[in-house]
């Protein structure tokens, strides 16, 4: 039995994978926004560094390798790359040197995307100039749909990411559950929340129940977060997006609406469209649940947390990283 | 993915609020939360509250841990 | 002296003024900063050196000055020696506020008084604005062993692993301050000289202050040095609730957060009760966290969680930074 | 290790790699960089500490690594002691080229071999890009006196002032390099351990290496410390023509340019001939430049020029920089 | 007998003032371009620092005090102030961050002014943007004329600055010598060159000879340096200029010609005109030879090389500085 | 005022020249000097040659030092 989910790291950390070994095989899916950032996108950011553009991003993206190094390495060599925690920090920081040209490399799923939307609102209000958005934001439901549509995919049930669900609510998952006729459980991230979700998943799988069980009902509402969804609608429209190892998935990205193209990095730097690179690792197979990390021929050899080949090893949330760290 | 923690609201000032967790106090952005009151719990991601948390339900869910403990004989 | 450090304090008359200023504030110390060095008048057999770079310079529970004293003192103590003398080298950025510098030097003085420790000689350098961030200190501390110096090579399978107190307080306090969080705990920055009592009384194999990289890093280093696995019990770790919260909010693991006043003690398992008791009596909050296991081809640290599941506690491969996922 | 230093070399696995890299390059040295400190196995009674910040890191006649070794060695020698051990603390900027670092560590190794000196313990820190310029080193050297330690307090009116060699070579070489001048002389950066021979044989009052601030600065410091005027003869100063030229072109006074291999010796006037002769025999280019005068309310250094006119040689009040007028 | 010259520092350093004590009293004049920079001008540069403007200047100007500190102090507090040696270095440095706005605070007399002229030529050629010139350049002959015209002035002969003469030649000094009927000697700066000049001065004074003797004929040509003079003519026109302690002297400054006003800092920052400050010290009296430095009530008390009140103490070429250092 | 030193020309390349003084070699700007030849001496101020120097005359002037020396009885 398989569960495709985003809780890999937590499951490993709490040792739950072993606990449930006899009942379910827990495999990992496209669960981390860093994990799925394509090599082309990293290369575009590295290109911007070389143009003297300041890059803002979340710390997580710093060590994702492109074809020629990482943002962290660029910074070590003198590029102006700044880690932020709350996207609104950027406004304040830009005010200090208002003539500096900067790009915010916005990564994240539906959980993070509303925050980027509010940053855009604040850029307008604050009058900050020279700040552009490069949206690498992605949507989870289209990715799940792509995975489950793959005839090779042997996933029996799906543990849904609780914090994405916090924003988008239960409905998108209900539709998918019905379409693919598989049980879905929305899960939180503490050991207890995961145990509760796994109990329910096991129950649904053994009893053959189809539908969505919200095992994180303390936080996830049916309708999600209306104001966050409103912010998403105001600033973004859906677009095709490239996922590392899964290639382009239809409607799986958030791109800035035309009205905001003046702060779109892709509009300011049309050269970015020309930069495309192909992925070097079989991460896609891992993400689809077709390959166990340990079975990748690079695993632990040329690919390890210090010198990660693919983003599944890069992100501490990545499935390969998790397996590497917690293997016994 | 999408790290988020529940915090308790101490003060609300428009879009901003002072929130707390075990003595750690920080300013968060609460623009996505309607009808927020002091004492409410919210889930915070990258400095933004993205949803209210119902603590009674949360405690209910937590009990699963105890059940597993029993199952494993601890 | 005026309101800020200038590049002119790097030499000549202004350097002399700066040295005078430092000397006046280090009331307790026999400083020979003007000469090329100092004369050692008591026997010493152990030495440790460290450079201190930290931002913010002032934090709840200490500052870079206190840290520079206690940091090197603790390293000498960890070797089982009593700190006797210290050297102090100060690197300042042009424009550093004199008021801050005065606070730092006074804090050094205060800590030296507490420890009844003397500065034997020192050095000052001023770098151009932008060439260094504010202030960097280097201290080298000399001590006299209370018994034969401790070393990792003494460790054997079966030895007990004891923590002298809660973990991650320093690292969490610094991270919280950088992010503007208000916390109700402080850095544990302090001298651990009282641990010498333990060294005198028990069969201590080695001690390490769990500074940069935290408890996880120290345990991994020792596992590698000894070639033995080490297993520790997650339930036994003392983690202040505030530290846990800061770690959760910022997505970091407290086991990797620096301590500046908590040490890991490796001792003969028969002495573990005595060590725990004596530490308790001295006001520490010790915890018996685990054991040294058998030799291993790939020596690792294993963390046993509350469900009884063991997992690897890996060595850190990158600096801790706040994460969103 | 890859091509540059990263912030990850500051802790965890990469720090261990960095320490291994350093250890491997310091072939001669008993390093205990991984432990908290080192054990002193020979008696020592003198200590000196200095931080080294210099740009460019590589210069004709040396580099920051060689300078960090000889600088602290010379301070110990100046106190009349033989250098026995050293500690080494390294602060690196993220992005520092590994190749440069390797050259610097190899240069440290080379100098340590020449001196048959060991590193007892060390420390490494990596700072964020922009938080420090490239590399800063700190060394603390300890030595054993060959007789009772030298001190300024020994100086008396009538004592002879002897320079062990030409002045300003280091400062002029650095300034020339910064301005892109090509020069046919080198920094005098080198260890002065052979001067211990002089200390053993003659009534030496004090010695000082004329580093930052040059001969003028050292003489002024000693005048202030002793309360005596010092008079020196401009004609007696050995200044390499190239040094003179660099100084004239950039508008600075060679008396204020740093030496890193020339010392000022104060000795009993009856010993001055012997000191001069011995220095000559050892391959130095000594010059007998003047005398300590009587006590004075405002102790000053007087420079007698070739017309016999005396003027004050003031203490430097600001850093030397190129001037146009 | 008095000689008004610019060789103070050298005369002191070589001890020549004492040697000639019985023959001539050597007093100091407005000899150093730093020495005569008005407090208003420093205040204007400090104002530019506060506006975030990068300042380039010669090291000499760094510690000249304005009403609220020096450029050196501004730099210590984070302002971007850069010392240069050759003005053309600025072009190369600007290329590294071409969007940074910078002002070159050009100090100097006729010796230095041609170099600034060539910098302006290079700015045009190189296409460097955002670099502006703030000309504090001054002309020596109008200042001598102003000094000698003062009825209080008791100067009997004039030692002329050899390096200014190298550029402007003998002619301007010949005119002044004839007008005021006093002996002028053009002098170099080494001990030997000065001794030779002083010998000649003594001879002319005792024999009552009027006119210019070129005691630096190895270097100073009658016509000066034609190419340097041509550069001056091309880029500058004369203007009234404020000299510290001497107030405004007619035609004693070099200002950028109208054609180059696009790179004139005064055009870019018209607010600079509004900043005027009054000098705090009696330097003017010293510069005119009416007051010996030692007789200034501030000398050595509130005014010393470490905390200079007036620029005569600031500049190591300044007359008060020289007296302070070399008094025995 | 206006520090300047005489340097000897080693090479001329358009506006630039390599100049020397006692083994110290530096690039200077010689745009103000006409008919410059290798071996000429120039007076250099802030990196620019501002005039040629006639070395014979220079040596003549230098003799004044000797005369003063004699006068002072040295």
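Before moving on, here are some points about what is shown:
Just so it is clear, A, B, C, D, E and F label the chains in written order, and each chain counts residues from 1 on its own.
Just so we're on the same page, a contact is a pair of C-beta atoms (placed from the backbone, for glycine too) under 8 Å apart; a residue touches a chain by one contact, two chains touch by 3 or more.
Please read these numbers as outputs of a predicted model, since none were measured by experiment.
The chains in contact with chain B as well as with chain D are A, C.
When chain pairs are compared by their number of contacting C-beta pairs, C-D comes first. Averaging Cα coordinates per chain places chain B and chain F 79 Å apart. If each chain is reduced to the centroid of its CA atoms, chain A and chain B end up 22 Å from each other. Work out the mean CA point of chain C and of chain D, and you get 31 Å between them.
With centres defined as mean CA coordinates, chain E is found 38 Å away from chain D. For chain E, the set of residues touching two or more other chains reads 19, 32-33, 58, 85, 108, 112, 191, 306, 317.
Of all residues in chain C, those that touch two or more other chains are 7, 13-14, 179, 306-308, 317-318, 323-325. Within chain F, the positions touching two or more other chains are listed as 1-3, 45-46, 68, 72. Contact residues on chain C toward chain A in their complex (touch as defined above): 179, 250, 302, 305-312, 314, 317-318, 321-325. In the complex of the two chains, the chain E residues touching chain D come out as 12-16, 18-19, 32-34, 58-60, 62-63, 83, 85, 108, 112, 191, 305-306, 315-317, 325-328. Interface residues of chain A facing chain D in the complex, by the touch rule stated above, are 72-73, 75-78, 306. Listed in rising order, the residues of chain D touching chain C in the complex are 7-8, 10-16, 34-41, 43-51, 53, 74-76, 78-79, 85, 87-91, 120-123, 125, 127, 130-133, 136, 138, 140-142, 149, 151-152, 208-209, 212-213, 217, 220-221, 224-225, 315-319.
Of all the residues in chain B, the ones that touch chain A in their complex are 1-4, 6, 29, 31-34, 43, 45-48, 50-58, 60-65, 67-68, 72.
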